[in-house]
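Common to both upcoming complexes is chain A, partnered first by chain B, then by chain C.
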Partner chain A sequence: MSRWSYFARRLVLAIPVLLFSMSLTFIILRMGPLDPVSAIVGTNNDPGYRRAVARSIGIIDAQGNPIPLWRQYVAFMTDLLTFDLGQAWVVNRGSDVTELIATRAPRTIWLGFWSVLVALLVGIPLGFYAGLRPNTLSDYSASFGGIVWRAMPNFWLAIIISSFLVASNQLTGGAFNWSTWIVDTKVITAPPLEDLTDPENLAVAIKQILPPALVLGSSSMGNEMRVGRTAVLETVNSNYVETARAKGVPERIIVWKHIFRNALIPLVPIITAEAFILIGGSVIVEEIFAINGLGKLFIDAAFQGDLPLAGSLIYVFVLLTLIINILQDFLYTLIDPRIGYD
Partner chain B sequence: MTDSSGLSRRRFLQATGGAAGVAALAGCLGLGGDDGNDGGNDSDGNGNGNGTGNGGGDGNESTPEPQSGGTFRMINSTMTTFDPVAAGDEASGYVVTQIHDALMNYPNGDTSVENLLASNVERSDDDTTYTFTLNDATFHDGNTVTAQDFVYSFERLARSPKSVRSYFILDSLGIAHETDGDGNYVAESLNVSAEDEKTLKITLAEPFHMTLQMLAYSSFAVIPQDAIGIDIDAERTGSGEEAEDAPEYTEFATSSPIGCGPFSFDFWEKGTAAEVSKYDDYYGESAYLDKVHWQVIEDDNAMFNYAMSQNVDRFNVPTPRYDRSKVKNTSKDDQGRTVGEYGPFQANGETVDYLKVPEVSTFYIAFNTQEVPKPVRQAFAHAINQESLSSRVFKDRQAPAYHLTPPLVFPGENPAENYDSHVQENYPYGIGESQVPEAKQVMEDAGYSSNEKFELTLTHYESTTWNEMAQIIRQQLQSAHIDMTIESAEFSTLLDRGQNGNLQAYTLGWIADWPAGDNFLQLINPPNTYTGETGVLTYTNWGRDEATEASQSAAEAWETIQANPGPGDDAEQARADAYLKMEEANWEDVILVNMFHGATERFKYKYMHMPAFGAMGESRQKFTSFWKEQESRRTVTATPQTPANGSGE
Partner chain C sequence: MSSQHQFEEVPLRERLATNPRPALVWAVGLALLLLVELGAVISTLFGVFELVASVAIGAVSGAPQGIGPNSDATGAVVVSILNSIEQFGNTLPTLLSRSLIPNQGHQVASGAWEGTFLGLPPAYAWFFRVVLIYAYLFLLLWWAWFGYRTFVEHYRQADWTPRDDVVDRLRGHRWGQFGLVIVVLFVGLALFAPTISPTTFEQDIDRPYEFEVEYFDEETGTVETTTAGDANLVSSSQGTPAYNTGPLSYDEFGRFHPFGTMNLPGGDLFTFMAYGARVSLFIGVTAIAISGFIAAAFGLLTAYYKGFADLSVVVISDSIQAIPVLLLLILINVVFADHWLTSFYNGGLLLALAFGFLYWPGLWRAVRGPAFQVSEQEWVDAARSYGQRSTTTMRKHMLPYILGYLLVYGSLTIGGIIITTAALSFLNIGIGAPTPEWGRAVADGRSYVATESWHIALIPGILIVLVVTALNAFGDGIRDAIDPQSQGGEGAANEAAAAGGGG
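== the complex of A and B ==
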């Protein structure tokens, strides 16, 4: 089978997965105990208010009769598949879902991008460094650091870091103030993301996203460090490296061409899997740093039974997951030609 | 059937008899002529000139002269819309209150009302027709506010598919109108007319003494009749997934709402921030502030940290970060509000101004009487110690509750004292103590023992404080042979399950729609407790299978309340007696265990000057008299970070 027909087959197989997960979403949100009307109404559960809300989001018609579920289901599926995402029911009631996603996605992407980058740039070099110097003091301290980072839960680390940065001036007796260091930024809330070509805006955007990105990337960083170290250790002791060394290949080439490239293989699924974790993990970090991105939007929508919004977000997430999965398998075949297509 | 099945005004409003409301009404009519008319232009003098460069005013502590300029910044939760008829939530309410004006107003959120857009009010002899003369106001787009605009706005409130408060105008206030065979409102049949450009006449189906209070709600605000530009019915079309708001409507409700309030709309970035700026041609006293900025933050920790970096001027302190020993120099005013200072904060060393305003609200644990037998409910009431819970869990920030009716609207001359003395004399389950032995006794008398425990599930809405309280109660109940499971649910699940009768015990609260006792006691009028019915308010099924003595007594008392709607002393006394009878009936059968009455606290940095708000809540306070010391803070000029200041229009 050629690479391209393999690719096509993977794409076709993704369709039932997509349909199944969308149906599941509908069942959970509309046939479970979640009631969007109650979510809007809150404590004061006045019947007149309830009815008006139900009518305004369109789950009962003007005469007060409920719209049958099957019709809601058909409309839900066709709208999604034609990318007509509709209007939200509860969260920012009545706004276009596309608009909500468009305003919030850049922040989540910016956050995700930097957390992956922080993890990659710190975790992998550190892991390789430790792997090339096994059982030395520097290996131990790097490994230990990796375990600590891996172990710290996001919600805890986020609170500690944000509280520390906010109080940095007071705690250091005026010696260091994070808010005014290099450029003026806030600790909490999303960074401004317009016109990033201006170096100052860019600096603000990066500085403000670094603390949450560090938190979000912390466990991945530890993971990559640990896996990178093991992978290097394994390849260092493998036959082909020994052979190369016996042939007199220079150490630099051995490290970069033989060890580094082979050690990357186990890291690929780790890195791609992180992309999924970032979608889920960003909820907590977005909440604590008040970034109000996609993660928070999704949680709000899901808890409040906002079918159009939660459904659309899941649809987008599922699409992303499928694409990344296919991409990952594709990457394998590029890095390691021994992996077949069957 | 829509209207007949809901709570009609007969059932839940007309009898409203809070002394506060009646007094306010009288005061309001008396003031009518000379109150609202002025105010227009004389405030501009000290207005724009000062700006940020004002270097004076050093040292003078006593009564500082208000300074103009600056942005007032506060935190808000997610807003949904700025269309006055579609906004039902508090977060949107903050913004709507600044943009839109109605005929009447609760000044600073107090429970009394005064004229706002109305310069004069006349009531006909039969008490059904009100004639309003309007102030010379203009909308933010420059057009004059006319009586026709009100006719349109009221029609929208009654008929718009986006309106969530149509029952306010059709049932609660009860403006005369026609209904079709199904009880639905017939378009344009509302008895509201524009006599001339400045005279508005409304006619009620029957007299109603809370009319002016109702008209102060922001739902009754005026918008220009051409603001949306499409037919009212076309604002939202289709149903189910297909339902869509018309683009013209969305434009009005979310990106260019037009009102005639003291601030005009600047921009709203959904889920991030909203901003309004001073309207210079405001017909009343125009604002000192240049802008108001709301930053959307919902996480407690994030809010607190954001405030600690002084990114906002007014904020809250989440209970885990709250230290009651830091509240100092407090005094109480005549409305029961606590004024003082709080601090210093560990994070920034600042001491801030503190205000605590008791709210007209009650939070309770309710029992489905079909599932939970009376001895168990009584054991709960015995075991629960409201005072120690409010002290341990809330750090005394909320007041313990014994009545469903909050102290502020309790009947009598001295509501708060009456409240306390009635509790002292009559509360059967122990005040300020946890009567575990009594609870055990009640259960053992009913045949339960350590081998035969009663099992039940308490479902609380998502809240760490309720969870903590539930844990404490569970421990206490264990020795009283009750095995309690704790479960938490989002509102979206909790209310739905309650409606279907699938809750054994649950927590919920009630925040006053109007400041009066029957607004609360309707919750325990037995017919309002039947699950599965449309009008259900608490999911307790009180006396549904078999009427008890107490449930009959409560039902009779409710009838008395309804039969005595008038403002006279006799009627008031009859209502007051009935209120007490209902409270005592609830104590007897323990339908609800009242837990605490809410209070709102406000923390603000000292450079910010803002009057205390009243019991109707901060979201009903207009920010016109707020001002900010100009030279004291770098943050005054720092524009809140938002995407491009120019993006708003």
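== the complex of A and C ==
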């Protein structure tokens, strides 16, 4: 099988996967023990409102007769696939879900972007550093640090970091105050993303996103370090590096051209898997750092019983995951010519 | 290698009969070890049976009336019998018990302690009990190891099996052994929670106002009595030096708190952690048992039949993995909020089942490669051409090969499950009060992190990090032992998914 037909196969497989995961969501939402209409209306006993909700989310038709489950299913799937995401019932009641997502998404994307970047910029250099100096003290401390760092639960790290940053002035006896450091910011709030071309706004936005980004990137950072280390160790001992060395290629070129580039290959799935962790992890980090992005929107929707909104958000997340997966396969196909031959 | 190339298969029973002594010594030792803990063994075992029976009855009758010894549904009689055996177990003598080495007592005017073990201060009495419990646990484990050695020395027919190499490699793997020791400490904390805690769940969390505490009042110079609930309130940690009982300290009532106390309504943090370990372990083990079973079954089927079977499982598992697991769990918890399943452990059982049915794709991915490898071996082909039934081939010739990999990724996944459970409890879904869960302690201590009462949030977090690191180390050790060639590589992506957990 050639690389590109392998890629095409992966691409085609994404379609049943999307349909299946949305069916799973449908089963949980509509066939689970919780009645979606009751969840939305909550303590509101007005039968007219109940009927309106039920009609709007497609459980009863205009005459008030129940719609059979398979019709509900077809409607549910076509609505999602055509991006008709409906309206929010409890969170920002009455607003359009597509609009809601559009206003919330930039904060989540900003958070995700920085957590990937922070993890990459710290994890990979540390891993390569440790791999180039195997079995030294610096290797051991970097490796051990990476292992422990990776095992830290995000939610715990988040409250520790946020608490220490908030109290940084008292704890250091006034020597360091995070809130006034470089630019004035709060620790727990969403970063302002208006007009990022203004350097001051940009600095505020970056400074505010760094602590949550560090938390969200923590486990990936540890992974990138570990895998980077093993990858470097493997390439250092490979024949072509030895050949290059025997030819008298300068050490700097060996490291950058022969070791670094090849060691990046096994990091591709780690980086894309990171994006995957981010989607789930953003829920917790956004909740703790009070960033009202998509993750926080999902939590609010779930807690307040806005099941249609939660379902639409899951659809968006699944779509994102699948796009990332396809991107990973695409990168693999480009980078590693051996793919598809196993 | 043995010079004897062809030896006759003798059933293990006959081998035992010809040389019964070593086996007898081992069996008697095991029986003695279990006998001294008879009460605890019986009550724990039947507690588990009772839970299983309740769930089965609940599932059949579809409603909560099957649960509990006092209900009148069909089958409830089974539950009540199991429950009475469990209660009977509690009355049986158990060597390592709170009553043998009591740590709850009070001071008298002279400063001496009354009611504690040998009049020792409660800290020492408690510590002594902890040491004894772990000594017993490690002795039990060593005895199991000794049993394996006995089997190898006296009863195994082959001089050498590949497993010997695995064991040898594991014996030289310090990192994996470190993991194993911590995991045993964690499991001990969970299994012996009622004995290892300075106080009990009932007294500390569940019904603190029904228990009394005696203490020495320095102002009046007499021994006074108060309820445990009131004592907890007074000794709680609230972030100021005046209202704080830190780790390794005594409170105003002469009670020792190894990890300090919690915030209002107070209570001992170590007790909370020990019972919380029980819940975490229960969820982790149940979930891994379910997902491991599904993963093994699918792994064997897809490797044996390949083609369409493989493709359809790929699609199903990809679909489950495409939904961020944390979101799915939140959704399940919301949807099942009033379901009868949540009545077990305040939602703990529901969570365990949800994990079980959501985590198998990761495990299946991990065993798929090895299962494919083994299905290409000649012996599988040979078994097939001899007309052996497919299920027998899978069970006898393929399953043993993939079990090791299941263990590796199972231990990584348990770490992820512990983190995710804690994260959900932190968000106040998942496991509700009064069932203790580590994540809820972190949530309780959230506003005290940078204050005097830092221990409430910090200690549970450190324990989670320690346990998860240990599980990863243990998994690494097993992987290096069963498959010395693999170094990171393809397993890395799985690991990322397993250990990261997103929590």
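In this section, the second predicted complex is superposed on the first by the 284 of 342 C-alpha atoms of A that agree within 3 Å, B and C clash if a C-alpha of one lies under 4 Å from a C-alpha of the other, contacts with A are read in each partner's own complex, and residues count from 1 in each chain.
Assume contacts are C-beta pairs under 8 Å (C-beta built on N, C-alpha and C of every residue); 3 or more make two chains touch, one makes a residue touch a chain.
The structure displayed is predicted, hence computed values, not measured ones.
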{"item": "Partner chain(s) touched by A:A290 [first = chain B, second = chain C, both, neither]", "value": "first"}
{"item": "Chain B versus chain C as contact partner of A:I124, first or second or both or neither", "value": "neither"}
{"item": "Which superposed partner A:W156 touches (first chain B, second chain C, both, neither)", "value": "second"}
{"item": "First (chain B), second (chain C), both or neither touched by A:I259", "value": "neither"}
{"item": "Chain B versus chain C as contact partner of A:I147, first or second or both or neither", "value": "second"}
{"item": "Partner chain(s) touched by A:G305 [first = chain B, second = chain C, both, neither]", "value": "both"}
{"item": "Touching partner for A:R226 - first (chain B), second (chain C), both, neither", "value": "second"}
{"item": "First (chain B), second (chain C), both or neither touched by A:F20", "value": "second"}
{"item": "Partner chain(s) touched by A:L322 [first = chain B, second = chain C, both, neither]", "value": "second"}
{"item": "Intersection of the chain A residues that touch chain B with those that touch chain C", "value": "33-34, 39, 159, 163, 166-167, 170, 287, 303, 305, 307"}
{"item": "Chain A-facing residues of chain B, complex", "value": "1-2, 5-7, 78-81, 86, 88-89, 161-167, 171, 182, 184, 236, 238-245, 250, 253-254, 269-272, 295-299, 301-303, 305-306, 308-309, 311, 346-349, 461, 490-498, 508-511, 513, 534-537, 641-644"}
{"item": "Residue ranges of chain C touching chain A (in the complex, touch as defined)", "value": "314-316, 318-320, 322-328, 330-332, 334-339, 415, 419, 422-423, 426-427, 429, 439, 442, 446, 449-450, 457-458, 460-461, 464-465, 468-469, 472-473, 487-489, 492-493, 495-497, 499-503"}
{"item": "Chain C-facing residues of chain A, complex", "value": "13, 16-18, 20-21, 24-25, 28-29, 32-34, 39, 147-148, 150-157, 159-160, 163-164, 166-167, 170-171, 219-220, 223, 226-227, 230-231, 233-234, 266, 269-270, 273-274, 276-277, 279-281, 283-284, 287, 298-299, 302-303, 305, 307, 310, 313-314, 317-318, 321-322, 325"}
{"item": "In the complex, chain A residues that touch chain B", "value": "33-36, 38-49, 51-53, 55-64, 67, 71-72, 75-76, 79, 86-87, 90-96, 99-100, 103-104, 159, 162-163, 166-167, 169-170, 179, 186-190, 192-194, 287-290, 292, 296-297, 300, 303-305, 307-308"}
